[in-house]
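Each in structure tokens, the structures are laid out below.
Note that chain A is present in both complexes that follow, paired respectively with chain B and with chain C.
Here is the complex of A and B:
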């Protein structure tokens, strides 16, 4: 969170370092990861970064837990894909590069349409109404096949625009750079919004809506405006997804996408601006990369989410920030051995657990053809007892060691923070 | 004739079947420092909640500078120039001291719901927030999150948020509650200074603060006004002594 605004802010080069670094990384990444799959993954990460940041305008900044944020990205995607088809038919003159604006504006308009009712109250009421609206829109997607394209969705061709300076959006690299540019612009815009009167008052409404009413603010209007702005950026991300995949189906506004963005944002951390960026990258990696390696990826994602909620409820970002503070005080050395032990034990337990999970999948789906599962150079015959027994022992031993190590981490952590507390008081 | 800053006309408030305020009629003149006293459960805080719009009145009317405000929302009443503090500290605990105060000056300075101004570029908001922090003695704690302040500091911040917007009418609900003698003296001096040129209404249990600060005192018992007048008259009033002061000053 920001305790910004020192007296005056002269041109501080350090302030621009993260932005410059991010821009350089986005520009150079495709040169490092030349593989087509990596490029697809990077494109999806950019889309998810915008989506998760827009979600955090509600969850982290305004205290609004939404179960239906995909409504705005999905409807934005549909409007964008229809606009793209109109461009293709020559009925609309609009550059494909600016299509995310169509997604954003339509997302915001749907935000205006649904938002006034949903933001009347915060807390559980808001969460429940957002769920209801999501179900309603999902039902509409089946009732109105003309707009939503029914089961198959709406397809489009992104190369229909007139090529400008050789940019036709045929090659995936060009789409990647389009997404990269929009990710930078949208991220900068959302960051700027956190430092406006509305952005700060949204924090105040999150902390204490009652008091906000007594300093002149209609909390309903504050929540509504935040939702409309968040819906705009969700729509931008939806339009980029439409360009990237050249198809939009009902999945785009479904519950699993709404749940996904909640997961991603929470894993990254809602209390920091960079949190959702980290979360989007981790989440997309899980969905994209791990799912190509194992069928059980959703199970691992669920496990990871539970571990995060239990051990780092502030997300990756706050975990990193807390350790950075320790490192700055020169106390990280006291934590490192305990961390190492916990990490080793945790990896062992995870290995045992994953082996069992993979063996179960293999046993149920593949073992009829060949009873031997090849896993990281091991040959495990899933029809015999020893591999199961071995994996169970590793899981039990690793789990027990982790239990002990985690307690040591906690003890060391408290020691370190007692010192830190004394230092600052 | 100039209208009163606050006027209550036969105000009643019921929660279910329980009548908490039983027909209070009261006028508080502009620039007055007015204290409302009474035993626990007399309805003092409820009266504040009615005036500030936290609860709607069941019957009667409330006027601010001659204009009716009963039925308006808290933010509408605040925009008409009335600010209040709370008996239980009511602050933005994740925001820094500076942000807490700055939030309170944004609406009055006309920035409203703006998402096109950069906060760090708003010199007037920053300077006003800094002046208030100086005034309440929290300038040193500028960047500390409000949630980790000490109790006395949080009370000061509560007061700071209330006065920062520059409202003409200020309602303070037990401003010295839980303070020791020296803290109370400091708070009293601060209230006196801030109240200059404004209308101040306060609920207060500490009689030395009440008689020190107030121009007029209203005594509330069981949701009704039994006496209202200057401190000397209140002190001498036999009904007041019987109902309230008799026990407190024994």
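Here is the complex of A and C:
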């Protein structure tokens, strides 16, 4: 029945628009951002997109909160880098372009190895066990220097393969396009997986494991399969990172990388397929760009994360979707003034807070040489009181104004939704 | 023999310290269902507060003030953070405490810097307590054991002999019934969370100078405490006690032993089989494998006895 129904479905060009648009954007972006740094950032975004999407196969789609997803990407990266070195020595005939497959398969194998024990239960238990496994693997990485390369890691040369049609992976642009192609393929594959019976039943296991058991599915098996598949894609992203950086160190499977992908996925939004993509872009921007500007980037990212957990647990994607719904109904004009006020007040508060944080760091590290901190055109002498006082006043005033504005947003939001509800009823 | 005794005492003192952390974590978990990811961050805060107070005023004042301050922070976190995310479920609560751990670590970076601070054992407690066959046992280790045991006895008495302790124990299993009887359960949650944080802070005060006070100490201890809770059985205080001592001794003993499979084979007059990976695996000494052993124990417990040593529900 369903196959027949699907055959009759008219070809909907709108459905392909996001995919075509994304592919075109990926192809054209390097022409816009010629700068080496931007290209590096884009490559890292692609890697992170695959990683975050694979993480969301667990968190968003199966309800498995993992604190150790970097185990699979990291081990995939190690296997890929060893394969690359074997290619270099001539002991292995394998195209470098297909190296992510090596990472993926080895990631999936480690998923099989660890997955059966870890996926017995979901929820808090799974979270703790995934953390334990991650620490175990991280501790092993220092114990077995032959495979993990000890403190220095394992290095490789990505240009060792035979050049094909002039593609040697010497220039960064070629690596970018390799990552772009794999990002598209992996994203499409993961999207397709959400439409398979397994993907659907994983959602059921997430929402109500008891009923899923009653209709005859073994929830343990479903979670296990999801974990193995997620580990495959994590391995793909790990292998791409190995090709991109030409080095894999213990950091690749450490707790900070596991935590990073959790931050990225959650900030983007776990309830929507595009959520992790948004989150990966935001996170990579923080890690790649903001970290070079300030030492406190992780503090800002952590605060952003906490604010999302407290007030927008659906992430950026669900915020965007809710506002899109309002805009479609033509009611966005009612929200816009309140939004503008809240945004202005929030930015002021954030500016005050960031100024204080930056002044503290500057006071501790640099003030001995030069007491004047230059921040966005301002000259702040951190050894005198006025800048501190001023920043505190801006923070307090901005915070108070934000409090008021946020309440107005909530009132307007409820008004708009009352009208939306009436419209649809 | 003297090696065994001294190592055992060191292991027990470390295990008692672990139990101060895991008892708070277990109480919070069984009462609120929240696995507090930031628990070890409170331990770190305790150590840093104690460092700041002891360099300005004195160690003994720090011993009292720092845990109280950490407990107050814990209560604020519960009141204004956890209670807000409570309606989104346990995963959201776990994520909240996870983000909190990040922020506390970054704030520690901000206030005290990234390098270890010089938090020292007070002069009165510096020196050997006694010596067994020439191996001395430091006074401070004894002091740590004394503080932990006193604290835990107080906790035990408070939970079993006082009115509020009885209400807390009732709220562990039947929160709705306790609420219906007119007790303020959310306030109880706040107290328990603050109390757990204060215990962790106290552990930080006495552990920070015995080990190293640095921004990575929370992550280092945090995972071990989780392992203790899983091995002991989620939500079981007695299990957490046994697992704490077990893992404390396991870690203390394993770092001191240089046994390896290759060594054992050599003693039997055998050669390890050739092959790079095999040589590497067989050559690992117990002390090299020490960081992995607690996690290995955890995985074994999960396979063989998923509810832990004393747990009633399956992990």
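Keep in mind that, in the parts below, the second predicted complex is superposed on the first by the 417 of 425 C-alpha atoms of A that agree within 3 Å, B and C clash if a C-alpha of one lies under 4 Å from a C-alpha of the other, contacts with A are read in each partner's own complex, and residues count from 1 in each chain.
Definition applied: a residue touches a chain if its C-beta (ideal position, glycine included) is under 8 Å from a C-beta of that chain, and two chains touch if they have at least 3 such contacts.
It should be emphasised that the depicted structure is a prediction, and the values quoted were computed from it without experimental measurement.
Superposition of the two complexes onto chain A shows chain B and chain C fitting side by side, with no clash. Looking at the shared chain after the overlay, A:290 reaches neither chain B nor chain C. By the touch criterion defined above, A:216 reaches chain B but does not reach chain C. Judged by the touch definition given at the top, the superposed model places A:207 against chain B, while chain C stays out of reach. Vertex at the C-alpha centre of chain A, arms toward the centres of chain B and chain C: the angle is 80 degrees, rounded to a multiple of 10. By the touch criterion defined above, A:86 reaches neither chain B nor chain C. In the superposition on chain A, A:125 makes contact with chain C only, not with chain B. In the superposition on chain A, A:197 makes contact with chain B only, not with chain C. Ranked by how many residues of chain A each touches, chain B and chain C are led by C. After superposing both complexes on chain A, the closest C-alpha pair between chain B and chain C lies 13 Å apart. On chain A, the surface touched by chain B in one complex and the surface touched by chain C in the other have no residue in common. Of all the residues in chain A, the ones that touch chain C in their complex are 63, 65, 67, 117, 120-121, 123-125, 127-129, 131-133, 135-136, 139-140, 142-147, 255, 259, 262-263, 266, 295-296, 298-299, 301-303, 305-306, 309-310, 313, 357, 360-361, 364.
Across the complex, chain A is touched by residues 29, 33, 35, 81, 84-85, 88, 90-92, 94-96, 98-100, 102-103, 105-107, 109-111, 113, 219, 223, 226-227, 229-230, 234, 276-277, 280-281, 284, 288-289, 291-292, 295-296, 298-299, 302-303, 306, 314-315 of chain C. Contact residues on chain A toward chain B in their complex (touch as defined above): 1, 3-5, 9, 192-193, 195-201, 203-204, 206-208, 210-219, 221-222, 225, 229. Looking at the complex, you find that chain B touches chain A at residues 52, 54, 73-75, 78-79, 83-84, 86, 90-96, 98-100, 102-104, 106-108, 111-120, 122, 126, 143, 145, 161, 164-165.
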